[in-house]
Structures are given as structure tokens and as C-alpha cells.
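In the two assemblies presented below, chain A is common to both, partnered first by chain B and then by chain C.
And then the complex of A and B:
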């Protein structure tokens, strides 16, 4: 069976386990690091690091995922790391961290958030206390929504990154005389669906696979949309 | 220094040559006065005169923006407030600041009122309940809301929210309460209700009220300070300042003559 035959036999659910592992590794790490950075900026507890975090977020957003992915692929090859979920998770952390941090900083830096910050500080609270008790409480739904959007992005972007990784790995195995057939069922969900669609474009199953990917991402975005609201909405509308 | 201290009374607040500047532009130019306990001071002046900056400088809120530089001396009960070694959170608890917009926190009425105490580390439920009741009585909300501590403040009017904010400051038993245009977001009826509450509060607590409302300043204060571009033009007993201002600029401002 050639490569096309293998890819065509991918089932709709193939790769979900890998995607789940990669996202469940990357998402908590990304969210925790981004939250700490954003809260410290919002609570003015980061000192000189605040502007740095903001500008790093803005700059980081401009880097295409594939650039970060290729960089991670090179590192993975050099270090000999072969766990595809782990590599994808590391890549996702690097790709998503700046954007997520910037999103959270924006949530915590709205006019309403600043008013609450000042009110809480005027009551003698420390910036750290305000960050945990006021900011998180006021915007917990938005934080979860950002997490869901990030999960959606990771689920798709992981595919793009793994294409680079799989390509590099295949080339390496081929040059070493090892069979070059990738284990497609182990590729992340998005990649396996893309591959399957690519090798059998006329098949009705292709539509189903494309639809399954779109539905998967839309469900995450819909969840985010449902959750996110007006943060700090305890404040009066003027 | 302008003193409004009366015989036999200790100075609760003493400001000496207080200067505040932002990015090299001086916004307060050497404000000095002393204020005895249980006295209310109204700070009046046009936009940009430095009223809000004065209040924020007093409770170290300008520290939140590193572009501000504050010099001089502020003493509360003889204790210096300015300086790097000062516990800023303690200063803010001693000088409760209330903003013009009622910024209620995203939690229940009870949690809002005892927020500062919790932040201080008070955990005893009995002490917190006592402080809640005391504060709610002082802002005249106990009968209306006292027994509904789990309600959300956003269920209530602006005026009630503002009183909840004042209760949050009062619960900390501050040495002075700083009110930055507390009625700016309120209609005349709500303003009247809030003023009634503040009139009662001023008998037991030192108040400093920055306001654009001259009638309100006359009604609520014992002493009035007129600021113009960061300078104290005149400070003195409210009835005297309003009826016989000693400076032409004060007279013009009170008469609405803008040069």
C-alpha cells in the first residue's frame, strides 16, 4: 500500500488522541504563564517588566506559527525528542503565549478594570490581592473564553507545525534508510484530516472530514462566545 | 502655611508645601494647611486646578503612575505619609478615598463593605459582621440593605452603590475620608440623600471633599480651600470664604466670572 492508500484510510477520529494530549499539555502551561504575566501587568506589580510584557505580546503576535514550529522542529531534531505530542505542545506554548498574554492584558486593562483596581487599592488591598480577588473574579468567564479560543487555535495550528516536524522526520528516516511511511493515525487531528482530504479530494468522505474539523473548531469558538461577556460588568453603564 | 486649626484641637491632617508634578509639569504648587479632627474641608476650583490630584496625592494613589513625583509633607495624626519606607496600603486604609464613579467590586454587598478588612487579613466572622453593621449604619444603609448582605450591588441605584463604596472606606475606620466629587454621577434627589448622609458622617469623621458644586461645598464643609492651577488661592472658614472672600480670584470664581 502506497502513501496515498495509507492516508486515504484515515478515519475521522484519527489523531484526536494526539491532539488532545498536545493541547492538554500546552493549554494549562500557556494559560498559567500568560495569566501570571497579565495579572502582574494589570496590578502594576510588574514594575519595569510591564511594558516589556506588552511589547513582547504585540511582537510575538506577528510571528507566524510556522516560523516558531520550524524552530521547534529543529530543536526537536537536535535534541532527539521523538514524542510528537510533547513537541507539538512545546511549539504551541511558544506560538500562543504572546497572543494569549496580550488578550488577557487587554481584558484586565479596560477602563472598568482600572476603576476596580483603583477602588480596591484605595481600600488598602495589595496589588497581588486585587489581581486574585478582583480581576480573576470579575473576568473568569472571559479568561475561560480565551482558553477555549486558544484550544481551538492550538488544535488547528498543531497540524501545521506537525507537518513541518513529520516532514523533517521523514526526510531524516529516508536518509537513514528506514521506511519513510508516517504513522498517520498518530498525527494530530487536523493534520490527518488535511492529509486525507488531500489524497482523496473527490471522495464524499473528504467533505465529512473537512466538516468534522470545522465543527470541532467551531464548537470551541461557540463555547468561547457563549462564555465571554462584558468583563467587570458589575460596573454601571454610563 | 494656612492653618485652620482651632484652639485646643489636634491637627488631624497637616500638609506642608505639597508639590506634585507629572513629566516635569507641576500640578500642585506647594499646598499647605492643617485640619483638625471631625472637620470637613471642601476643595473647590476649576477643571485642572488640582483637586483630584490633591486627594490622590494624600492617599498615595499617585504612586500607581510612575510619571508622578510628589514632594513635601503630609501628616496624619502627626505621622508622615510620604516616603519610600511607608506602608502604602496602611496609608490608604487610614485615608479612605471614594471616587466619583461608584466602583463596586464584583462581589456581594457584604464582601464589598468588608473588602479592605479581608485584604488586611481579618478572618474572624464576628468581627467582620460587626464591622459590616457599623459601616452600613454610618452610611444609613442598614435599614435598607443591612439584612441582605448577599445581594449584588449592581441591583441598586448609583446612589446606593456610592454609599456602599463609602461604607467600604468607612469600615476601615479611617482617620479621614477623601471624597472626589462623590455626587458627580448622581441626580439632584440622589445627591440630596447622599449629602444628608455625609452631613451626619462629618460629625464623627474628618472629611475632605473635592467638588465642582459650590452649593454642595457650602452645605457640607466647615472649611473651604480654593485651588487655582495647583495653587491655594484662599483657605478659610466656609461661611466667611463664601460671603467675604479675601482674594479677588476667589470672588470671581464664586461669582462665576471666568477670566
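And then the complex of A and C:
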């Protein structure tokens, strides 16, 4: 069965469940690992890894999402993993982790955060208290804003998922001994949107799904903007 | 005295920091492994043309996107028109919210031949049209980060610089062109380099746009490198390990482009804000 046949029955809500499962798995893992790494770097407790974490964020820009997806697909194929939500979550984590960590390091290394840190240390606070309470409490709005932006990116980034799930699809087909296409409607929202847009870009459902993606990202970005304030500070009147 | 809980948190932090460092390295390692696995098998397609096309499209989009983003930042920030500032920031927020899959879909819709849906009667759009729309779509994607990078660079310039130029009698356009532009020039070059990396790596939007050429039975993977990687997912073949290995070779080329561009950007402006 070709893509046309598979996509004939796609609806507006197809893929939401898988996307929700994958993001609910990937987002907490990414944020917890990034938070611990960033707190460790900001407190200068990470040793040799500190400068490397900062450069990992810059180097992460050099590794395209589609290539990361390819690596995940290779791993999925070699391990025989066929759980779509799990593979999608792994791909989301791999793509977002370096960037999110660098963003959090920037937040925790800001002048305001450092002033609070030094004040707490001068008052005799323990490193545990400094890391968990001072840094997090002072930057909680920025941390939530970064989490919202990461959730938006995870939910709509088709570049990494399309290729990553190719490995899962092949492993599944190989184990089942069939050569048919995977069920596109069971794929994450952005991936099925990619296939649907490739086959029937002008159809009503595809346009509705595209509009819903834009609205979803807008809402999450607006929430992040509300939390962290104006990203471009205006200069005073000249 | 550091307690057990604090030690545990510090150790977990160190472990997570190394995990973050290991992720890009592991990706490159897996890609290299997959490429090595199929090194003796002749590739189904040549990557010379995709590499050339990727460089062309990415360079054009990076140049135009960075220039437009910087121009928008200058006009909205340095000319004292609050209404224009508000409109520019709203437009940038809107552009930022459009995912690549939607941008590609829009480009695809522009490319749709009038006879789409009538098998045997359609004419494929010319290749230059797909290239043009791909450049336009990538340019739109790069405007927002270039705008943000230029704004942050402008905010790093001390206010006294503007005041000194104004005291010497320079008007706002002259201050922007003769004083501020040279000061943010290195950021602009860095934005172009990072824009090149992002444009070369963008697969979703470009794949959708170049799908229009598939009407003419042209091989999908022979257009740009990112598209050839997406072609693996579209192929639905049981030989995907081989295809993935061949795609991984293309991925290594993309990574090389990316590292070259990021290194160049770091030399121009290490503190560039690029999101």
C-alpha cells in the first residue's frame, strides 16, 4: 500500500497521542539532566566537563537534527527497538539536550543569579542549598520558559523524527516479515504531517493540521515570553 | 563539611554534564560507524551534485536571511519609530512560530503544478523554481535568529558611542551606517556562518519543496543532502541499514559543513546569541 492509500484516512487528531507520550517521556528526562548539568557547571563543580558543556552547545549547532535522527535510526535498527514513542523520545532528547543545557547555563551564570549565589554562600549556605534553592528559585521563570520552548521544539521537529523512525519501521517490518508501509496515522503528529504534506499538500486536513501546529507553537512561545519577559530590551530614548 | 546529599547532587551533576558532552560525540560516532559498515558497497547515487546544490542554496539563504534580519533589527531599533519596532517584533515572533514542516508545505503549495492530481497530464515544475522557493523558505527561517543576534549585538554597544556620534552632529541613519554597522559587522558574519549551517542542515522544508520535482521522475535523493537523508525514510525499503549507511556518509558531509560554519562563527563572534 502506498502513501496515498495510507494517508486517505488520516484525521486532524492522528498522532497527538504518540506525540504526547514521547514528549512526556523526553521533556522531563531532558530537563532533569540539563538542570543537573547546568547547576553543576554554574557552581563550577563539574571539573573538566564545565568548558566542554559550554562548547557542546555550540558544537550541537554543527550536528543537524536530521543526522541525529539518522544515528538514532541506526541504533534502533541494530537493537531491534520498535516502540515508536520510545525512539521518538530518544531522538528528541538527543537533539535538544546540548542546546537546553547551554541555555540553562546562561541563565544560571547571569549577573543576577551569581549575585544571589555569592550572597547565599556568604551567609553560610551549603552547596546543596545553593544549587537547589538559590539557583532554581531565582531562575524558575526562565527554567519554565526554556521547558516550554523545548516542548514546542520537540512536538514539531519533524526533521529528526522522520529519519529516526525509519529505523523503527524497518525493524518492525523485518520482525513481522512484511514489506508494507508502517501505519502513518500512528506516527507522531509532525511526522504524519510531513508525509501528509508530501502527498496532499492542499487538502483540507493537511492545512488544518498545519494551522494547529502553528497555533500550538505560538501558544507555547507566548507562554515562555510571558514568563521571562521581553527578549529584546529596548534602548532608552535617545 | 559537605554532606552526603550534597555529594550525591554534585556527583549527579558531573555525570549529567559528561552525558551532555557525550551526546554530540556519540551521534558522530554512530554515523561514522554506519558509514564504515557500507564502505565497500557502491552508493546508489552520487553526492557531488547534492553537495554543490546544498552549498549554493545554503549560502544564498544565509546571505539573504542574515542581511534581512540585520536590516530589520537596525530599522526597528535605531531609527526611533516605536510602531515599527512593535510590528517587527510581532513579525519575528510569528516567523519563529512557524515550524519547518509548515514552511515546507507552504513552499510545496506554491510549487504545485496546475494539473496536480491528474495522472499523466501534469507537467513538472522547472528545477530553478524549486531552488528559488527553497532559498526563499530558508531565508524566512533565518530572519528571526539573525534579527535576535543583531539586536543583542546592538545592545552590547555602549550608549556613549551613540551619544558621541550624535554630539558630533550625525543623524540617526549616519550613526547606524557609519558607527554601529562596523561595530556589529563581525556579528553579521557570524550570523551568516551559523545561518549557512542551519540552512545546509534543514531537511524537512527543503524535502517537501523538492518533492515537486519527483513528478518528473528525478531522483529525490539527488537534490540536497538533507533531502537524501529524508529519502531513506520515504523509501520504505527492507534494505534500510544499507540506505542508512549511505545516508550516514552524507550526514558526515553535513556535519563537516556544520563544524566549519560554527568554527567560522566562533572566530567572528564567540558570544553571538543565536536561537
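The rule is short, and it goes like this: the second predicted complex is superposed on the first by the 204 of 238 C-alpha atoms of A that agree within 3 Å, B and C clash if a C-alpha of one lies under 4 Å from a C-alpha of the other, contacts with A are read in each partner's own complex, and residues count from 1 in each chain.
One rule holds in what follows: contacts are C-beta pairs under 8 Å (C-beta built on N, C-alpha and C of every residue); 3 or more make two chains touch, one makes a residue touch a chain.
As the structure is a prediction and not an experimental result, all values here were calculated from the model.
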Next item on the list: Would you sort A:137 into first (chain B), second (chain C), both or neither based on which partner it touches?
Entry: first
Next item on the list: Check whether A:74 is in contact with chain B, with chain C, with both or with neither, and answer first, second, both or neither.
Entry: second
Note to self: Taking the superposition on A as described, I'd like to know which of chain B and chain C A:36 touches: first, second, both or neither.
What the structure shows: second
Item checked: Superposed model, chain A: greater residue contact from chain B or chain C -> C
Next item on the list: Determine, under the contact definition given at the top, whether A:120 touches first (chain B), second (chain C), both, or neither.
Entry: first
Check: Can you list the residues of chain A that touch chain B in one structure and chain C in the other?
Finding: 126, 232-236, 238
Checklist line | Residues of chain B touching chain A in the complex | finding: 59, 61, 64, 89-90, 92-93, 96-99, 101-107, 115-116, 118-120, 152-154, 158, 161, 165, 168-169, 172, 185
Check: What part of chain A is in contact with chain C in the complex they form?
Finding: 32-34, 36-37, 39-41, 43, 45-47, 49-50, 52-53, 56, 58-71, 73-75, 77, 94, 97-98, 101, 103, 126-128, 131-132, 156-159, 162-163, 165-167, 169-170, 173-174, 179, 181, 190, 193-194, 197-198, 201-202, 206, 210, 213-214, 217-218, 221-222, 225, 231-238
Notebook entry, point to check: What part of chain A is in contact with chain B in the complex they form?
Noted result: 44, 115-116, 118-126, 129, 133-134, 137-138, 232-236, 238
Checklist line | Of all residues in chain C, those that touch chain A in their complex | finding: 2-3, 5-6, 9-10, 12-21, 23-24, 26-28, 30-31, 33-34, 77, 80, 85, 89, 93-94, 96-102, 104-105, 108-109, 112, 116, 148, 151-152, 154-155, 159, 162-163, 166, 172, 194, 197-198, 200-204, 207-208, 211, 226, 229-230, 232-234, 236-238, 240-241, 244-245, 247-248, 251, 254-255, 258-259, 261-262, 266, 274-275
